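Below are two complexes that have chain A in common, paired first with chain B and then with chain C.
What follows is the complex of A and B.
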């Protein structure tokens, strides 16, 4: 269970739980990395390119060739950090609104299962991709 | 949703959660649409072309705004956490971040939304 928020919309570093302190630190560290990775991704896809010229050819070209492994690594790091950051963020919200009990356990279990399943699917898509044409 | 003060800190916190949940939901959808590359160009191109619809282009500008807000307010939170004394200036930092947000979103909105017409 995390610390309550402050009046300036922040959250003090948790004390008394090594896991919560790790989670608190992870949110800040992954946040900084995602600032670069996710905003970089948006700039590449929506400002330099745009959804009108993103198609199979674009993705296949990006994930193949000399820089193929670089972009797969970039995409996977972003996917993994975003998923863990997002799931942990929603965990904080759910723990704020649901008292300990059956409903909280159910909601958190569903969150973790969905998070792990989507992360697994995304990872396979990124690394198993083989261009067909 | 409990609003106990409704000042800058409260609003920054509220929008941080709102944009966080919104971006997480988009991430799930985005994993599913990207999954379609495994089914070849016919399937992927058919589905991904939906993103070029004006309604989606507008939502994508909203997505950019959500990620940008979450990032800038995240930096503000980190400053308050790790820079002793920053908490005293949290309102100033909030308004500085929001100025930066608007400054970025003006050209970003133009660059993203112009494709609706051209």
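What follows is the complex of A and C.
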């Protein structure tokens, strides 16, 4: 039977890939982790310390002291999880609402490029940081 | 007493796009919405087209969008709805005429999960026994009557017609969790695809819409858990 143009076939060709399973699982796990990390960040930056006191000195001190590697790790993990979590969420939305085609490819490419760029810049800043003053 | 209806009409031979028409019928408040629609068809405009059969919530043929929510017109009392009662065909399928939509894609998706018992072990002399506990694992999902109220209430399905949809996932659940069935793995592969259970965004519209009260979102959640933990 020929399908009317607005009707759709039965099922897309199977891919056999478990990517969506891992993406789904990642969203749950990173969500829980971010709850802890981001809330911790919020408490440290806004409740324990006055926002007015948070400046270069504060961050540089935190990243260079004895616990320097710990705080760099903390910040990097938060950056990593938040970035991938956010990008994957946007990917989900774009794939839901844009039909396959040029516009979707363009939007997704832009998303990935921006995501990777931010991750790279952030990682460089966190790990290559050297206190200058 | 007078009951006001606003029904979406579409005749593919004359209309470019659907439009609404207002009708008033004489009805009891304890009547069902299906009765009011049939009055319009019987007394006002015989060209009004809809599907219905049992009129008792059994066959699942009169699923439609009533005041913005999917339901079976034969199971909704007039008194429980604000007037004018707005009646539209289910969303997400192409309209054939008025309230009749093309269900072919729906049944294709249903078939894609192999909704039948698969077990090629030698048939026992009498029957394949099953404990009450095993049976309860899929009791809820046996209640589906394929009315499509869930799938056509799902925003993910509206946006992406490749999504297998809640009804097909319910059917998959029905057999994946049946201890007598042997094709669970195969079905888990089918609904473990990108356009399968992972496309579910846990919106719960399906659970709200189901006229049989099936916990659709929960069934999909159980499938996801099975995909991950086996």
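The rule is simple: the second predicted complex is superposed on the first by the 116 of 133 C-alpha atoms of A that agree within 3 Å, B and C clash if a C-alpha of one lies under 4 Å from a C-alpha of the other, contacts with A are read in each partner's own complex, and residues count from 1 in each chain.
Following the convention adopted for this analysis, a residue touches a chain if its C-beta (ideal position, glycine included) is under 8 Å from a C-beta of that chain, and two chains touch if they have at least 3 such contacts.
Everything numeric in this text was worked out from a predicted model, so none of it was measured.
When the shared chain is aligned, chain C comes close enough to touch A:23, but chain B does not. Looking at the superposed arrangement, the partner reaching more residues of chain A, out of chain B and chain C, is B. Contacts of A:106 after superposition on the shared chain: neither chain B nor chain C is touched. In the superposed model, A:14 makes contact with chain C only, not with chain B. Contacts of A:133 after superposition: chain B is touched, whereas chain C is not reached.
In the superposed model, A:116 makes contact with neither chain B nor chain C. Contacts of A:69 after superposition on the shared chain: neither chain B nor chain C is touched.
Where the contact sets of chain A with chain B and with chain C meet, they give residues 5-12. Residues of chain A touching chain C in their complex: 1, 3-12, 14-21, 23-25, 92, 95-97. Residues 5-13, 28, 31-32, 34-35, 38-39, 42, 46-47, 50-52, 54-57, 59-60, 79, 82-83, 86-87, 89-90, 93, 114, 118, 121-122, 125, 128-129, 132-133 of chain A are the ones touching chain B in the complex.
By the touch criterion stated above, chain B contacts chain A in their complex at residues 5, 7-13, 16-17, 20-21, 23-24, 27-28, 31-32, 34-35, 37-38, 40-41, 44-45, 48-49, 51-52, 56-57, 60, 63-64, 67-68, 71, 73-75, 77-78, 80-81, 87, 90-91, 108, 111-112, 115. Considering their complex, residues 93-94, 102, 104-105, 108-109, 111-112, 156, 159-162, 164, 189-190, 192-195, 198-199, 201, 224, 227-228 of chain C touch chain A.
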